[in-house]
Amino acid sequence: MSNHTYRITEIVGTSPDGVDAAIRSGISRVNQTLHGLDWFEVTNIRGYLKNGEISHFQVGLKVGFRLDDQPADGTV
Amino acid sequence: MSNHTYRITEIVGTSPDGVDAAIRSGISRVNQTLHGLDWFEVTNIRGYLKNGEISHFQVGLKVGFRLDDQPADGTV
Amino acid sequence: MSNHTYRITEIVGTSPDGVDAAIRSGISRVNQTLHGLDWFEVTNIRGYLKNGEISHFQVGLKVGFRLDDQPADGTV
Amino acid sequence: MSNHTYRITEIVGTSPDGVDAAIRSGISRVNQTLHGLDWFEVTNIRGYLKNGEISHFQVGLKVGFRLDDQPADGTV
Amino acid sequence: MSNHTYRITEIVGTSPDGVDAAIRSGISRVNQTLHGLDWFEVTNIRGYLKNGEISHFQVGLKVGFRLDDQPADGTV
Amino acid sequence: MSNHTYRITEIVGTSPDGVDAAIRSGISRVNQTLHGLDWFEVTNIRGYLKNGEISHFQVGLKVGFRLDDQPADGTV
Amino acid sequence: MSNHTYRITEIVGTSPDGVDAAIRSGISRVNQTLHGLDWFEVTNIRGYLKNGEISHFQVGLKVGFRLDDQPADGTV
Amino acid sequence: MSNHTYRITEIVGTSPDGVDAAIRSGISRVNQTLHGLDWFEVTNIRGYLKNGEISHFQVGLKVGFRLDDQPADGTV
Amino acid sequence: MSNHTYRITEIVGTSPDGVDAAIRSGISRVNQTLHGLDWFEVTNIRGYLKNGEISHFQVGLKVGFRLDDQPADGTV
Amino acid sequence: MSNHTYRITEIVGTSPDGVDAAIRSGISRVNQTLHGLDWFEVTNIRGYLKNGEISHFQVGLKVGFRLDDQPADGTV
Amino acid sequence: MSNHTYRITEIVGTSPDGVDAAIRSGISRVNQTLHGLDWFEVTNIRGYLKNGEISHFQVGLKVGFRLDDQPADGTV
Amino acid sequence: MSNHTYRITEIVGTSPDGVDAAIRSGISRVNQTLHGLDWFEVTNIRGYLKNGEISHFQVGLKVGFRLDDQPADGTV
C-alpha cells in the first residue's frame, strides 16, 4: 500500500522570551533527531512564575512528520 | 425588532513571523471586504514546517462584526 | 448528485429581555436575507453588564439552511 | 501584506449511501460556487432514521479555501 | 495535614501589543496583590477590533499560587 | 503598566422561575460586593427536582469585572 | 453495600414557547414513568425553524434519579 | 402537555467491514426492540486489532426516538 | 446480522470512602439487574461536602454491556 | 431577592499518597478559611515525578460554597 | 509488578478512497514496525482538496499496543 | 538554543486494585526505559468488567520527561 502515513509526537517547547520563541525552540530540538517534519499544532500555553515574573513560557505542541514508506529507522 | 445582531466569519491568518503577525494579517485581509468588525477569538494555532523550520504560522480566527439593522449588502 | 446540502452560518443574537428573546431576535434578522432556514443550535450564552445589571443577553447561534440544488445566489 | 488568508465555510453534506458519500456530495456542491478549495474537516456525523432504517447520513464539514489576495468577489 | 494547597484565580490580561504582552500585563497586575505566584495557563485568546484594526488583545489566564500553610490572609 | 486587567469569578445563580431569573439572581448577588462588573458567560444549566417537578434552576456563571489600576481592595 | 446509586437518562424536551418551557415539558413526561427524579443538566439547546420562525425549541437533558436499593423494577 | 419528548439511548455498533457497516449493524439491532427511531449521532469511532489487522470497527452511537405521548411501554 | 451490539447505561456510584469505592459500589448495583457487563468509563468525579468534610464521593460512570443477539429482555 | 447564590473557588490539593488523599487535603485547607462548603468537582488529575517515582499527586478541584444572603465577609 | 502496560502512538493514515481505507492504510504501516497492536481510536477526520475534489482523506488515529513486561526494545 | 524541551509519551497503566495502583504501575513500567520523568496527567479512567466485577482498572496517562540537550538516545 503506497499511501503516506504520518506520525505525531507531542512535546513542550520552552523559552523565557514568549510564545513564538517557545514554539521555535521546541521545533528546533525535535529537528535534531527526526526528519520529514511537516506541521505542528499548539495544544496548550502555560508558564512558570518566579518572584512574580514569568520565568519561562511552556508551549505544548503536536508535531507531525512523514514516515518513510519502507521503515528503516524504527521511529514509529 | 431593533436589537443588534452580529455575524461570525471563520478565517485562518498566516505569517512567517509569529502568532501576533498571523492574527494581524488575517484581520487586515477581512477588513478589506467587511465593515463593522467588532472582535476576534483564536480557535487554534498551527504551522507548516519545511526543512525543519517554521515556514508559516497558521492561526484560526473567528471574527465577529455587526450586521446593519436594514440589510442592504447580502453579507449574512 | 442530487443529495441536499446545508450551510451553517454563525451569528450572535442580542436582547435586553432574556435568552429566548435573544434567540428570536437573531433568527428574525437572519431571515431577512436568507431563505430555507432549517434549524439552529446555541453555541454559548453570554451577556454585557452595566451598572451592575444585565444590559443585554448575547446568544451565539449556528443557523442551518438548505442550499438550492442549482446555485443561483452565491450564498455558499 | 502579502500573506495568504483562508476562509472556512461550514456545511452539512448528505447521502443515503454512507459517510464517504455524504462528504463527497457536500464538497461537490460547495465546489459549484467557490474556487480555491483547500481542505475539509469533519465536525460531526449524524443521520436521519425512517422506518427503522438510515434514510440519509448527515456529515458536518468545515471547508477551507484560499481568499484572493485582491478581493474582487465579496466572498469573505 | 502538611501538604501544600494551591489556589487558582482567573483573569484577563490585555495589551495593544500582542499575546505575550497581554500575558505579562495580567501577571504583573496580579502580582501587586498576591504572593507565591507559581504558574499560569492560557484559557483563551481574544481581541477587540476598532476601525478594522486590533485595539487590544485579551488573553484569559488561570494563575496558580501557593496558599500559606497557616491561613492569615483570607485569600482563599 | 497601564493596560486594564479583568478578574473572573465563578458563581451559581438559582431561581425556581427559569434560566433568565437564575442568571439575574446571581448577578444581583455578586453586585452587592463587587463593583465594575463587565460581562458574564453561562458555563452550565442544571436544576434540582423534587416530587417530579423543578424545585430550582441552577445556572453556572463566570462573571468578569475590571480591577482597579491601583489595587486598594484586595479583591484579586 | 448500602450506598445509593443514581441512574441518568437522556431526553430531549420540546416546546414552541422557549427554553424553560421545553425543559419543563421534558421533565413532566419523564415523571410519568420514573420516580425518584433528583436533578437535570442541559446538554444542548437547539430548535427547528419553519417559514423563518422558530417552530419549536429542543433542549437536550440528562435527568438523574435514585435507584431503589433493592431492584424491583428493572429500570437500570 | 402535548409537546413531544424524545429519548436518547447510547449503543456501540460493530462490524469487521467498516464505519458505515458498524453504524447500520447497531441501528438494525436497536430497531428490534424500540419503535419510533428518529436520528443518530456518532460519538466515537474505535476498533479492535488482532494480528496487526482490524478485527472489528466499534462505532459509538446516540440514537434518538420519540416517546409515546401516553406512556404504556415503560421505555423511558 | 450477527455482529454484536453493546448498550451503554450511565450511572452515578457513591461512597464515603473514596473514588475506587464509589466506582465499585455503582458497578455492584448495576450488576443486580443487568448481565453481560463489559466495561466502564469514568465521566466525572464530584462529591458532597457537609460540615467541611467529604460526606460522599459521586463518580459518574458509563457502563457498557453486550446485548443478546436475539432480544428477549427489552433492555435496549 | 431571596434565592441562594453559590460561589466556586478553584484549588489544587496535593498528597504523596494518592487521588483521594489529595482531594481530602485540599478540602481540609479550604475549610480553614471558608464556611458553607457544599460540593466539589475534580477538574484534572496530575502528578509530579522524581527519581522515577510519584513525588505527589496534584488534583484540581472546583469547590462550591453558599454565599450568605447578606454579604458581611467580602468573600465573593 | 506484573500488570500490563499499554503505549499509545498517534498517527495519520491517508487514502484517496475514503475513511475506512485511510484507517486500514495507517494501521498497516504501523504494523510494519510495532507488534502487539491492540486497539485504535479515531481522533479526527480531515482531507486535502485539489481542483475541487478530494485528493486524499486524512484520518487521525491513536493506536494502542501492549508493552513487553521485560523491556528489550526501547519502544516506550 | 539552550532552552529545555520536554517530550510527552502516552500510556495506559492497569491494576485490579484501583486508580492509584494503575497510575503507579504505568509510571513504574515507563521508568524502566526512560529517564528524566518529570510529570504525568490522567487523560481518562476506564475499566474492564468480568462476571459483574472489576477485572482491572485502566488509567490513561500522559507522561512528560526532559529531553537531553544533546540528543544521543534517539528518544524523541
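Letters A, B, C, D, E, F, G, H, I, J, K and L mark the chains as written, and numbering starts fresh at 1 in each.
Keep in mind that, in the parts below, a residue touches a chain if its C-beta (ideal position, glycine included) is under 8 Å from a C-beta of that chain, and two chains touch if they have at least 3 such contacts.
It should be emphasised that the depicted structure is a prediction, and the values quoted were computed from it without experimental measurement.
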item: Which of A-K and D-K has more C-beta pairs touching across its chains; value: A-K
item: Centroid spacing, where centroids are CA-atom means, of subunit C and subunit F in whole angstrom; value: 26
item: Inter-centroid spacing, subunit K versus subunit I (mean Cα positions, whole Å); value: 30
item: Chain centre separation (subunit G, subunit I; CA means) in Å; value: 19
item: Per-residue overlap in subunit H, given as positions that touch at least 2 other chains; value: 9-10, 19-20, 28, 75
item: Pairs of chains satisfying the touch condition; value: A-B, A-E, A-K, A-L, B-C, B-D, B-E, C-D, C-F, C-G, D-H, D-K, E-F, E-J, F-G, F-J, G-H, G-I, H-I, H-K, I-J, I-L, J-L, K-L
item: In the complex with subunit D, residue positions of subunit C that touch it; value: 1, 3-10, 62, 64, 67, 71, 74-76
item: Footprint of subunit D on subunit H - complex, ascending; value: 19-20, 23-24, 27-28, 31, 35, 37-42, 63
item: Subunit D - residues contacting subunit C, complex; value: 9-16, 22, 24-26, 28-30, 32-34, 56, 60, 75
item: Touch list for subunit J against partner subunit L, complex; value: 17-20, 44-49, 52-54, 57
